[in-house]
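Across the two complexes that follow, chain A remains constant while its partner is chain B and subsequently chain C.
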Partner chain A sequence: MESAATRSHFEKLESKVDEGVGNVIEWLALVRRFKLRRSEKVTTHGCALLRDSSLRRKLGSEVWTVYEQVAIAAMDCQCLDVSKMCIEVLIAKFPNSARVGRLEGMLYEAKGQWQQAETKYQTLLELQPSDAFAYKRKVAIAKAQGNLGAAIEALKQYLDTFMADQEAWRELAEIYIALQKYSQAAFCYEELILMETANATWHLMYAEVQYTLGGLENLRIARKYYASAIKLSAGKNLRSLYGLCMCSAVLSQTKGRAKDEEGTELQSLASSVIMKKYKEKCPNKARLVTSFLEKQKL
Partner chain B sequence: MVGKYEIGAKAYLKAVLHAAKYKTCAVNGLLIGRVKGDGLDNFSLQILECVPLFHNHLALLPMLEVALLQVEEHFSTVDGGLQIVGYYHANERFDDFELNAVARKIGDHIIRYCPQAVILMLDHKQLAALPKSGSRKPVMQLYMRDVSRVWKQGGTTAELVFQDTTTNNLLEAYMADGRQRLVVDFDEHLDDISKDWMNRALFD
Partner chain C sequence: MANDLVLDTAIRDWVLVPLSLVMVLIGILRHFVSKFLRSTNTPDLKAIKESQLVVRARYLRGAANFIPEKAFKSRRHFYNNEENGLLHVPKSQAQNMQAQMFSDPNMAMDMMKKNLSMIVPQTLTFAWVNFFFSGFVAAKIPFPLTQRFRPMLQNGIDLSSVDVSYVSSRSWYFLNLFGLRGFFSLILGEENATDDTQKMMQMGGQMGGFGVDPSKTLSAEKDGLELVQHSWALPKLEEEAESILRDILST
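Showing the complex of A and B:
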């Protein structure tokens, strides 16, 4: 979400909606805008909204977007009847629509009817070869069946054409990590760093993967990228601060190397920032964390 | 290896509620307790507490190491001294019962410090069927490592039992109440330091 103020506004609105007094239309719009996964609530509140004819009129042309939103949320909760109902309304309004076709494909997926889903997406791709959504659903089908190898192949094929799609690179990295293929995951994060050099997340993830790979050289790389993640997040990212301490601790234990003064200084700096944060926002764990950090320095 | 395995309500509830909170992810966590008896025969392992760890990137090392060290240190001073006695894991997919490779690796690591350590794999199907089945058994598969260093299911000679047989009733009550929303894991703590991975307020 964009800011703490926005998040706070959303949370207050959500509480009111849950109590039955909030503006459901606004809440649903915010859920769509921030791409939040609130499937159970969207299904409940969305259905109530769609059943109310005066509220439906109030939505105007937005009603079709809400039908789509509720259809997807209902699938996520396995409320397939609700989903089917919404999709039928959309088919009646928009016959031969590719966008509605995607929903039909997703419903097959939700039912576990993989072959029908694949056929649907293949049809969509034949009509529109640049339909990125249909490609991604094919990856999702492979993942849902537990076939991570096929998911990887499908993603690689997709990225051959759509090489600037960050979401796809990120998904591929996560699948590689789940399979413990860390070098391949590192490659994906390298692509993401090249595409978005100032995004601390990519630097952090790259560092985490390098640390997991292990070995002196990878640990040095990890430390470098934890440091850049700290810089890019203005020292706010706790994982990168911890990561830097862990790297430095392992590197300083290496025998026969010249004392790495810069490394020790970095570790001290990171440790003091961590301790300050805990004292301010989590004092009940300050002693534990101080002790942990002291042990890393030894 | 012959032993008795018991799980306390707090530990069980935290683990299962953690999985219930993150239905669309694989989750994992540490099991804390004590072992009575020294060898690999005739011991009793009690799982008394639990620290939910991650719901993202379970196979990455750095934050796991941070968590292991902090959890170990914290519990060494609790209740006369408790140790890490196991690890729990819930796979991402509903129908996936395989003992995950990451789970095995982490289990191998924990065994170095606790030779009787166990891995508990959450059984999603049993959990989903709980309201109808009324089962008084934990919805988990217990795995132990045999002498050939292979993780195997406990079977009938090594069954996990509740310390309190009404634990599943409590679980159903908490889930009906939506208590899982309040579970905090180490991942969340790293994103917001004010969140308590010890979940001290969870059962208030």
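Showing the complex of A and C:
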């Protein structure tokens, strides 16, 4: 409740800041607090703020956090000189800080100097082996170079220690899918389902991976997970409804297994729900959908 | 008769107010001292791995029914097998770990610092209060209370005839010790070092290793996992999904 109120306050403040009258310091603090990505605005307003020495004094010790924030935002906008300036100020103030080291590494990354970035993160890791951030950046470097195999290796190395990190499992699953390694991706989604049993997305993704893997057993599993995704999303997720239709269609085509009656029931229900939704929301495409679904039923 | 008890104003000026003032000042002092002494605690990679492992195994135990049986069994084998399962701790290693823990100088140092900022000032102030103000009735609260509150409010006075609403100086010390937290968070910001309860909880978390070694948690988790009966939850879900879809269609 409290955050909803501050949120609306933040939006008001942001429009004021855009007009040039609001309290930039407070706005920046709220951007940090909500972890928003307003890079362009942060760079422009932040730079103006940091240039003014009287305002800088007003910030007190918060000024360093603002420098960090502006540095990252500027990298996001490719204003590398601004970011470099901020980082230099920070280095002068905190010469041996790991946090500033991260910024340096990120600047290398933004410039595309992968090798330097990699060595920077490596030194950070040597100083502090439990630096999750550096591990993650290494994954990002490999990914940015398009080297998905190396990204997987780096992620595995990270997950070996931080094995309860959901985001990392998700990332790994997506990379595996990109490389068409579906059974590995399935493992990652299983892990995600374990962590969040009520999240329909994981059930859906798992079903899709199983469906892609194919084979009678996997298809059966896929259909069950489609069903559970439908249940968890209360039938509102169109993707899972379509998936169920396709999956059941393939299952019923598989010969010699005619005892999947509940499946066909579920399939016809799902297709009528899809039809209903199209008729409500998008009537002119309903015809197309009907013909597609009819084909699936055959 | 107890109601006739009149407190000298000098008690207010020389006991009640100084006591509160000293407590506040000591709180502030402790905040800064502990800020000064705080070591950047660098968590050990192995410790992180272990705690994350326990979390992950707990997820598996809690949500086993949501993944296919094959997936569950392979995971359980991965955690629990006797050769290189992650949760399996060889016996010789288990004893080693404890020995290691006690010989770790960092740990002892941390403990000492914590003691310095927490226990030492507390003992000193308690001794001071006890020595100078023992037996004073320092204040009277303006509402009556039941007898149950006597040990809380009249610590140090062994008179059952005094009304419970009178507060002894030692109790006043305790009330200040625990009651000033809100005040400190107002003047020192949310994350201040004076918050003892938080600190104790932290200590419980960290020192979990000190009394109980992590291999115990691991093997407890292992046993728990071994006991899980896998019954896949999803077969039922298909029917539930059907009924949900029917509901949508009928509305």
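Criterion: the second predicted complex is superposed on the first by the 212 of 298 C-alpha atoms of A that agree within 3 Å, B and C clash if a C-alpha of one lies under 4 Å from a C-alpha of the other, contacts with A are read in each partner's own complex, and residues count from 1 in each chain.
Note that in this section a contact is a pair of C-beta atoms (placed from the backbone, for glycine too) under 8 Å apart; a residue touches a chain by one contact, two chains touch by 3 or more.
From a predicted model like this one, the values you see are computed outputs, not experimental measurements.
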{"item": "Fit or clash between chain C and chain B when superposed on chain A", "value": "fit"}
{"item": "Partner chain(s) touched by A:S291 [first = chain B, second = chain C, both, neither]", "value": "first"}
{"item": "Partner chain in contact with A:V100 - chain B first, chain C second, else both or neither", "value": "neither"}
{"item": "Which superposed partner A:R239 touches (first chain B, second chain C, both, neither)", "value": "first"}
{"item": "Touching partner for A:G146 - first (chain B), second (chain C), both, neither", "value": "first"}
{"item": "Contacts of A:L28 with chain B and chain C, given as first, second, both or neither", "value": "neither"}
{"item": "First, second, both or neither for A:M75, with chain B first and chain C second", "value": "neither"}
{"item": "Partner chain in contact with A:Y278 - chain B first, chain C second, else both or neither", "value": "first"}
{"item": "Chain C versus chain B - closest C-alpha approach in the superposed model, Å", "value": "17"}
{"item": "Shared chain A surface residues [contacts with chain B and with chain C]", "value": "none"}
{"item": "Residue ranges of chain A in contact with chain B within the complex", "value": "37, 144, 146, 174, 177-178, 180, 205, 207-209, 211-212, 214, 222, 238-239, 242-243, 246, 277-278, 281-282, 284, 288-289, 291-292, 295"}
{"item": "Residue ranges of chain A touching chain C (in the complex, touch as defined)", "value": "128-130, 160-165, 187, 190-191, 193-195, 197, 221, 223-225, 227-228, 230-231, 234-235, 262, 265-266, 269-270, 272-273, 276"}
{"item": "Contact footprint of chain A on chain B as seen in their complex", "value": "24, 26, 57-63, 65-66, 69-70, 73-74, 93, 95-96, 101-102, 190-191, 193-194, 196"}
{"item": "Contact footprint of chain A on chain C as seen in their complex", "value": "42-45, 48-49, 52-53, 55-56, 59-60, 62-64, 66-68, 71, 75, 234-235, 237-242, 244-249"}
